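We call the chains A, B, C and D, going by the order they appear; numbering starts again at 1 in every chain.
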Amino acid sequence: MSLNVGQEAPFYWPIRVYYEDTDAGGVVYYANYLKFFERARTEWLRSLGFEQDVLRDEHGVIFVVSSVQIEYKHVIKFNEELRVSCRLTELSAATMNFHQVAERTFDGAVLSEATIRIVCVNAQNFKPKPIPNVLRSCCL
Amino acid sequence: MSLNVGQEAPFYWPIRVYYEDTDAGGVVYYANYLKFFERARTEWLRSLGFEQDVLRDEHGVIFVVSSVQIEYKHVIKFNEELRVSCRLTELSAATMNFHQVAERTFDGAVLSEATIRIVCVNAQNFKPKPIPNVLRSCCL
Amino acid sequence: MSLNVGQEAPFYWPIRVYYEDTDAGGVVYYANYLKFFERARTEWLRSLGFEQDVLRDEHGVIFVVSSVQIEYKHVIKFNEELRVSCRLTELSAATMNFHQVAERTFDGAVLSEATIRIVCVNAQNFKPKPIPNVLRSCCL
Amino acid sequence: MSLNVGQEAPFYWPIRVYYEDTDAGGVVYYANYLKFFERARTEWLRSLGFEQDVLRDEHGVIFVVSSVQIEYKHVIKFNEELRVSCRLTELSAATMNFHQVAERTFDGAVLSEATIRIVCVNAQNFKPKPIPNVLRSCCL
């Protein structure tokens, strides 16, 4: 059974654009938004009290991405600041769906928007494994 | 008018997995597939005789990604080899759609599969601009 | 004339280790320390009131690295936290020398230590150009 | 005992500059040369018949970088090509010293030049371990 999860306010994580994030077009390189989205998911988990290295060591699980749908809408330049939201939209036995938005901080312009599906897997063989109950109960 | 483009055989580009491509899970980091797909698109263009720096300098255009849909199916480890296909599936005035697959070389296992939409834009202001005719005519 | 600059306390910038920073060895990838050091230099400049995009737009200069000497002493793992120091040690017309240390936050273990030479250059042609006075006077 | 190793001709590995390698300055980002140098070392090892995943699985060792001294001399732009040399200059029980140069292919301009020290370590605990004899004998 898959549950729709109605979180009221999304979690936000601020990110500064350094040279490492940009490319010769003068803007953030498209693949780097996936790094930014992951930072926000990690910090969202941390804000709930979960550390991924502890989940791996105590429960034997890691989270892997199984699909991403992303639209790029505006570019952001070197030294500007963005913020990335993280909202859990669906939760089933071993998967979590997230809706994430990257916005330029100073004017709220949407830079990119993504739907990302995460699977909880065994850290050794990468086979799906139920999300630990301690985390599940926190997300419902 | 948007045309469906029926290329017979996809273009393939080989990629070796170095430490830089992996993460602490022991496999290629999910964002890096977007780098691999772009390498293959760049080399496909080059195989047709087009250099992106020349297109920028002579036609004032660069190509930016407007959307990506990607599914991750298998993982690939450090030091293994993959090959990435690049197939143009649709062409309109300023956009190109690609279907791209990353396969492990030794057994053909599909690692990830993506639909990627590219927009041709003015290199200065990032506004859509028609794909140069010399390139269009080559793709039809 | 080159001046030795005696700053009392170094500037520190905290950094969390995400998957993007690690490699298949399970630890931060060696090239990524150069990213971390640059983040700290950028934030040190910002703490003095200087934004690099403003320096580029108003003074026509950017900063490029001309040499790095780095020693790697300990490894740091996924999800751990480090802090990176930034101390200006020498200042001449167009160059700045920095001493930077990356330390694991929880125990102070030195992860890596570097001497980094920066040159102020013309943003168009990359030729050396004097450091803007407004910045120089702030560093002495 | 440490031996000076007199290789006649250096090994070269070609590298194309993609968007992923560049930054908003329009040139290859300084940290990325460390990736390029590592690709060349990996391919040099492969040219001698050694695969690092096999060395890890059969001998329990991996190679980590213990120090880098690098000078940056010229910049290289998007879509240009470089080649990276790899020359072993010193070999002791558990360490290897390399001299590596990155040159722009079309005119031979030296982009950067580095001395890099590698330590052979136990893959589990990162403690130094002798370089496997099968590899040592190949390098002398």
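We take it that a residue touches a chain if its C-beta (ideal position, glycine included) is under 8 Å from a C-beta of that chain, and two chains touch if they have at least 3 such contacts.
Computed from a predicted model, the values in this text were never measured in an experiment.
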Inset, instruction - Identify the chains in contact with subunit C as well as subunit D, in label order. - result: A, B
Inset, instruction - Determine the centre-to-centre distance between subunit B and subunit C, using the mean Cα coordinates as centres, and give it in whole Å. - result: 34
Legend entry - Distance from the mean Cα position of subunit D to that of subunit B, given in whole angstrom: 28
Legend entry - Residues within subunit B bordering two or more other chains: 19-20, 25, 27, 31, 35, 38, 77-78
Inset, instruction - Assign the assembly's chain-to-chain touch graph to one of these shapes: line, ring, star, complete, other. - result: complete
Legend entry - Contacting residues of subunit C [partner subunit D, same complex]: 25, 27, 30-32, 34-35, 38, 62, 64-72, 75, 123, 126
Legend entry - Parts of subunit B lying in touch with subunit D, wherever the complex brings them together: 16, 18-20, 35, 38-39, 42, 51-53, 77-80
Legend entry - Sites on subunit D touched by subunit A in the complex: 19-20, 22-27, 29, 31, 77-78
